[in-house]
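Several structures are given next for inspection.
There are two complexes below, and they share chain A, which is joined by chain B in the first and by chain C in the second.
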Partner chain A sequence: METLCAALDPMFPCREAAITTLGELIGDAREAYPSAIYLFGHSGTGKTALTRALLKECSKRQGVRTAHLNAIECYTTKIMLENVLDSLTSPQKGDSVKADNMVEFVEQLRRAEAPGFLIAVDNAERLRDMDANVLPVLLRLQQLTSLNLCVILLSQLPFEKFYNKTGLSEVICLHLPQYNKAETQRILGSDFDQVRGHLLEQFATDPGRLEICETAMTEDFYNNYLNLFLSVFYKACRDLPELQLTARKCFAVYLEPVLDGAVEASDISRLWRHIAGPLRAALTQIYMRIEKPLEECAESSASLEDQSVRKLAQSLELPYYAKFLLIAAFLASHNAANQDKRLFVKHHGKQRKRMQTVNARAKTTEKMSTTLGPKSFSIDRLLAIFYAILEEKVGLTCNLLSQISTLVHLKLLSFVSGEQNIMDGSARLQCTVGLEFVLQIGKVVGFNVRQYLCDFM
Partner chain B sequence: MDPTISVSKGVFVFKNGATRAGKKAKTHKRKRPDSSAVNSLLGEEVVRQPFYEEYSQAWSQVSGHIDDLQQRTYARTLEQLVAFVVAQGERTGADKDEVLPTAALLTGINQPDHLSQFEAFTQRLHAKRAARVCVLQSRDCATVKTAVETMVFGLVEDNLAVGADVEESEEEDVVERDSKRLRRSQCTLKQLRSWYANNKGAEGSSCQLVVILPDFECFSASVLQDFILILSAHCGSLPFVLVLGVATAMSAVHGTLPYHVSSKIRLQVFQTQAAPVGLNEMLDRVLLSPKYAFHLSGKAFKFLTHIFLYYDFSIHGFIQGFKFCLMEHFFAGNSFALCTDYSRALGRIKHLSHDDMESIRRLPSFRPYVEQINDCKRIIAVLTDDDYLKKKLPQLLRDCMLHFLLFRSALEFLTELVGDLPRHPLGKLHRELYVNCMNKPIAATPEYKECWQMLGFLSKDEFVGKVTRCLDRTEQFLAEEISPLELGGACVDGMRPQLQAIRQALDDVAKGTTVSPETAGTMRPNAPNLAQVTSRHELQAQLLQRSKEDKDRAQPPATALQKTLQLIETHLVRGHLRALQDAPPIHELFVFSDIATVRRNIIGAPRAALHTALNNPHFYMQCRCCELQDQSQLVSTLPDLSVVYKLHLECGRMINLFDWLQAFRSVVIGGEQDGGVENAAQEQIDPQIQARFTRAVAELQFLGYIKMSKRKTDHATRLTW
Partner chain C sequence: SRLAEGTPRRSIHLSNIVEQRVFKDDDIISTPKRGRPKKSVEDEDDDYTPKKSVQKTPTRSRRLSTATKPATTPSKGTTATSAAAPMTPSQKMKKIRAGELSPSMQQRTDRPVKDSSKSQLQLAREQLHVSVVPKSLPCREREFENIYAFLEGKIQDQCGGCMYVSGVPGTGKTATVTGVIRTLQRLSKQNELPAFEFLEINGMRLTEPRQAYVQIYKQLTGKTVSWEHAHSLLEKRFTTPAPRRVTTVLLVDELDILCNRRQDVVYNLLDWPTKSAAKLVVVTIANTMDLPERLLMGKVTSRLGLTRLTFQPYTHKQLQEIVTARLGGSEAFKGEAVQLVARKVAAVSGDARRALDICRRATEIADTASVKCVTLLHVQQALAEMIASAKVQAIKNCSRLEQIFLQAVAAEVTRTGVEETTFMGVYTQVETIAAFMGVTLPAPGRALRLCATLGAERLIISEHSRNDLFQKILLNVSADDIHYALRVGEVN
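And now, the complex of A and B:
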């Protein structure tokens, strides 16, 4: 057990406590395993990596049979059972391991021989949605098979979320807390040698830069960088792999002025001024994983939110009538149906104003229908508004009607109800794009959208 | 018979491979006759006709040209994509752990067109033998289970297809064995992994598994998320590459995939050419190319581009529309077989029958030709003697073809001349100018006058530069496109002297500047300011003012400039860019203008058609009993459904069924006996009439015009307006 922990500790800094506990529980195949362990913690805290390494060590040192599977992949119970059997039973039996149900599974598992068995299930929260017997059976599999077997469940949720009416047998819960800032920095700093080696390799052909790199690239320098980096990112993201990836990406930018000789390696404040912009840009791109040079990202994300909407509306190429259909859908979604006559008919008669209605109409921002979100409308109303706002006369043809379904496909419109019975006219749609977007589209086709919105009258 | 026997009776299918073998033999057999008889749909008598030969030749030329062009436009993006996929195979193991390489292809809307792009992509990958490809449609992916099964099946089968194509005999046994082993429910990732492990050695190590989702937007978000998570989990052992076809924008991807999914993929964005740009290119290079004898009239051309730009952005749809026009044109008769190359047309003339000649005589543009002949005898000969007309035809054909060549060359000149004027009064693209020139005599239109006015206001340098550019471009066009053609030499000969004259006039303009350098000196500093003026009126006002100010000094170059413009107008615009009605005789053989037929056939208007059918059944049935003098007339001999429909048109939103029935009865009975309708209302309703009414109403409901109301008993709701 001690050797096991000793092997794992350097791989997972700041997880010594968890490793020790796990080692005490399942570190030795000669002792009886607990029936199930529930390992939970937020994403990027090392659950899967730790378990995988542990299983590998166990099978290597003690000949324990292990299975590691992902619950998402197991869209049927059969796949899960066969996958487990595949890894746990002896492989030379030929390629057809078959287990259609739990009984067969348990039966076959009983026949296996090994000092111990470990089964790890990733994304264990999905087990709740599978067949009702899966989770209870997994939790008491040891009892059922009378083997030295332990099931490790990995999930992001606390175990309380798994309780159901029939009850579950107790498990040992182990929480992996999020790394705090110091720990994060320590972990990120642990790959210093690798980064340095990588850099030196990269500049091997450029002796001038190589020299600067060799002198500047010290542990302190790297830690300073990580400190700056985390001061921006730690509030937004605690997912370690993500941080690691972004840190490496930004480090090249950080190092650039030093390599050019523009800034001294020790001049941290100037380096900070240099890196602050790119870091903020990278912050908006985090998790998106778009492979582009960082400068381009900075350029695109530097623009304000409304500008990006404008860009989107302009870059989205829609046929002319589809644009008008989209505008009509937006108007139908954000105007009350009883206002249509006033908005779209030329001679709609005079409106009587009474104090009561005036007061009721006095719009506050909470009442603005553009901020309340879209209402649903029928296809007839959509077409009526379309014809009202379009100046020219067009026939109601197949091509036009098929544009509605195109817009639905592009998720610019969506069905609210009655998707199945479009034929009898009871299907209702709503428009999913925002005001800003429609205003831009209106500008492209030369149509003032605001003029036709009740909110702005 | 004992009732329990049926339980034990049943039909069982024993699968023993026989069906598969049979199917295979069938497909082989079917392939061979296909290649020999190209078109089995049309009878021999049609296929043998000269017009059909010409049609198929013209179509194969055009479609080949278009395909070629599209291949080239796709090529750049596809090369990048293929390079991306291949590069994934060369990545080192360290950084591909659990992260799925993904390419997002921004395709623009209209998804049916994109399938062809992805097909081309697949072919390229196959050609390089770099990957197994599976195109995963959203309709196959309602759940994760079906998605994974379809994908695995596709990947494994894709391999088989390639193998069978390349080394058919060798791999046949393997194919048989593999496919027998494979059932849909067996297609799991485990299976795929073992399959990959087995085949990897044979296929070489850098074989990627490419999964293409051509319509990203149509996938349900949850399925897609799970699917990506599964793929990324297997990334370590199976080299997956995901390709997303995104119709809208990248924000759609980020909107669909939450952080924990999007952090599992490594996304690279590729952009394809926008559809309108592709269309313009296709029009310029193919449809407006002088190579083809077939032309669309301005209206037909505008109609097709209109469908594209206003409705669907579908290049495929556009091509089909064009093909329809082509078919319609040639199908009009054998005389239209003359719409081809000059030398081929000469050969065809001999074989024309009397009827064909008559159809040529009936062409609208033939009459002016006859009228302009002075000699009485010759008129009679042209109108009655086929042989005489056949002798005359080559000259007419030649004139006509030459006209189109000259038209096209002059169009090139005009496009360059007016294309970049502010606000583009005549349009800036070839297609717009083509439509304008074809439709009406362009020199008489106000837009044209505006253009000419603007050109007149240009400074000398700008004007000289512009016209020189026009001349150069036309020369280039003549040299590259026209001169290789059969009548190209004649066209170039016709064009050259005119261009020369214009060049000469231009020299005069340039000289005018050098003669009065002080004029140029005063003009020049003003010129840049003009460019900044925003509105046209302002520009016009300023220019007018300025021209007044230094009228006396600017006089000589201005007149020279006007003279050049005059020259261009008389030679090119009035000479060559003539509208269709002024085109040479028998141009109908080359120009398709029957837009009404096309509109009726390629634009479906279901609601209008239904309304016509119900409102006026005579239109379709052509029966004698239902002839109506007036659209709203109600006759008892109309079909019941039609009567019910017409009555329902008179009602408001809610229709009382009983009133409707009464009206129906009065119409139906009214025809039989005019008197006693009042007493009839009190009487019991004839069950037969009631049954007819009920049935008609049910049919109307089935057609989607009404719905039975739930709120009010015995009322129906109208659904259409």
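And now, the complex of A and C:
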């Protein structure tokens, strides 16, 4: 067990406690395993990697048979059972094993021989959606097969989300907490040698930069950078893989003035001034995984979202009438139907402004329909608004109607109800695009959308 | 010939051959009549094989079975040797389907204990076992007369008909009917009654209503065939007149299981007796008295007819008589003990099985107390075990937090007035009660676990804990039970 922990500790810094506990539970195959271990924690806390490494070490050192599977892949029970059997019983056998149900699975496992068996199931929350007997049987598989066997379940949920109506057997719960700031910095800083080696390799042809890089690139320098990096990022994100990716990306920008000789490597405040902009720009891009040079985003960091919407709206090549249909759908979704007469009918007669309506509107200004979400509308109303906002009078051809269905296919509109009876007029639609997008489209066709929205009057 | 498959006349014509063969098998098994030379039959078979392939009948296996039959049937010894010879599983299955291998069970290695070495209590216990059906059922003489008269009349008249027998479980329906059949069989063996065949199916032993055809055909010939085939063969048998057709008595137990939406099986079983050629007497047994009116279609109810018989639940006197008759002259039971059992059981269900089981349990209790005779106290203990509910005991043996949780559910039901509570409301009550009692509050995750355990024990009814705070909880025990269990516990 000690050798096992010693092998795993360098691979997983700041997980000594968890590794020790796991080592105590399943470290030695000569001792009896617990029947089930439930390992839970947030994403990016190293559950899967830790278990995988542990299983590998166990099978290498002690001859334990292991199986690691993902419950998402097992859309039927049979797939899961045969996967487990494949990796647990005599892996060298070429012919495929067959297990149609749990009984056959347990029968075949009973015949297996090894000092120990470890089964790890990733994304274990999916087990609740499989056949009702899967989770209860897995939790007491040790008892059913009378083997030295342990089932490790990995999930992001606590175990109290797993209790079913008929009760489950005991399970040992183990929590992997998220890393704190110091631990995160330590883990991010652990790849210093790798980063340095990579940089030196990169500048091997450029002796001037290579020299600066060699002198400037010290552990302190890198840790200072990570400190600055985390002071911006740690509030928003504690997901380690994500932080690692972004830290690598930003480090190139950080190093640039040093390599150019503009800033001394020890002048942290100037370096901070230099990097703060790109870091904030990168913060808006987190979890998006867009491979784009940082400088581009730095220019327009404030309007990044607007820009992306604008770009999307411009890049979406829709026919002229389809654009108007989309605008009409947006208006139908975000205007109350009782306002239609006032908005779209030319000679709707005089409307007296009553004090009551003024008061009612004043109260609900924070409840703008554009923020509350779209309401549903019928196709008749969509066509009526379409003809009202379109100045020219086009014929109602099949092309026009097919454009509505195309918009539905493109998921710019969606059905709320009555998908089966579209033709008899009881189907209800909803517009799924946002205000910015529609404003852009309106700009393209030269139509002022705001003018027709109740919220902006 | 392939075209002819659909036309009914052709198929009837074709199946006449099958019909003859069925009768031949029939003759061999049950009633020896008109010894037909076997060769001619085989010749016929050979003549018709090309046409038979059009039909769905598996001709190969049939011919195989006829070929093997003369070899195997004459002496048991040959079958034994052939069974000892290594047989492939498919051969075995073929023989099983042809009914040539009778299903046997493993014999125990040591001999059963002799009756002389048993004690009086043991003998009484064996006599009280539900499976030991007496030769003549006490307290069912009138029903016996009724069924006997009906069946004897139908057999004598050679006509066929239907009867519907109903009654709650454990009132001696099946025992009486089979008793009547046994009496009639004895009479026909003594040539005081025309011979008849007896078939028996039970709806609960079938995986599907249509399997009834397979079972009936299996009891006629011993062969297992598909239900379509069995149905067509039975149809042939019951619709085409054949000379010297004997009366067939068909007992259908658990009729309500055979009722599906189409009710085709029930219809066929009740329609065949109406055919003049069939000579079929169908006795149907079910629990509910108004089953024909409630569940069956009009035409099926009409065919079932109005000959009905209802078995009333046993009164306490009758139960006492039954148990006393079972005990015979044995002194193992006190008179008042039997009376107590009879009164308690008659008040609840009038089920004879229940009374016999309680008596057996009482003998076991007396046995452990090493007494020769079952007294009132033993019976009371047995009754407490078998009738009393265990819920109060279960609540008393719950952990402290589980008890608090149960109290909280009851309190929430009282507070809202609605039976169905959500976990959130219950947890608020748990907080209150825990603060009141001065115990530490369990976290909601632990409380969900308590809830799941109680739900698995069926003290409450809860949902899956994935919708944790919003899961709905129903109390499965009465609120009074909780108060009773916890209050009495406090005093102790």
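The rule is short, and it goes like this: the second predicted complex is superposed on the first by the 423 of 457 C-alpha atoms of A that agree within 3 Å, B and C clash if a C-alpha of one lies under 4 Å from a C-alpha of the other, contacts with A are read in each partner's own complex, and residues count from 1 in each chain.
Note that in this section contacts are C-beta pairs under 8 Å (C-beta built on N, C-alpha and C of every residue); 3 or more make two chains touch, one makes a residue touch a chain.
These numbers were taken from a predicted model, which means no experiment stands behind them.
Novice: First (chain B), second (chain C), both or neither: which does A:288 touch?
Specialist: Only chain B; A:288 stays clear of chain C.
Novice: Tell me which of chain B and chain C touches more residues of chain A.
Specialist: B
Novice: In the overlay, answer first, second, both or neither for which of chain B and chain C A:2 touches.
Specialist: neither
Novice: With the two complexes superposed on chain A, say which partner A:158 touches: chain B (first), chain C (second), both, or neither.
Specialist: A:158: touches chain C, not chain B.
Novice: Examine A:220 and indicate which partner it touches, taking first as chain B and second as chain C; both and neither are also allowed.
Specialist: So A:220 meets neither chain B nor chain C here.
Novice: Applying the touch criterion given at the start, work out whether A:166 contacts chain B, chain C, both or neither, answering first, second, both or neither.
Specialist: A:166: touches chain C, not chain B.
Novice: Please indicate which partner A:128 is in contact with in the superposed arrangement: first for chain B, second for chain C, both, or neither.
Specialist: second
Novice: Using the superposition on chain A described above, determine whether A:113 touches chain B (first), chain C (second), both, or neither.
Specialist: Neither partner.
Novice: Using the superposition described at the top, list the residues of chain A that contact chain B and also contact chain C.
Specialist: No residue of chain A touches both chain B and chain C.
Novice: For chain A, which residues count as touching chain C in their complex?
Specialist: 128, 158-168
Novice: Tell me, which parts of chain C touch chain A in their complex?
Specialist: Interface residues on the chain C side: 444-446, 448-449, 451-453, 455-457, 462-466, 468.
Novice: Touching residues of chain B toward chain A in the complex: what are they?
Specialist: On the chain B side, the touching residues are 99, 108-111, 143-145, 148, 188-190, 194, 215, 217-218, 226, 229-230, 233-234, 247-252, 254, 259-260, 262-263, 265-269, 274-276, 307-313, 603-608, 704, 707, 719-721.
Novice: Touching chain B in the complex: which residues of chain A?
Specialist: 43, 70, 72-73, 75-76, 79, 82-83, 86, 95, 122, 239, 241-242, 287-292, 312, 315-322, 380, 384, 394-400, 402-403, 406, 409-412, 423-426
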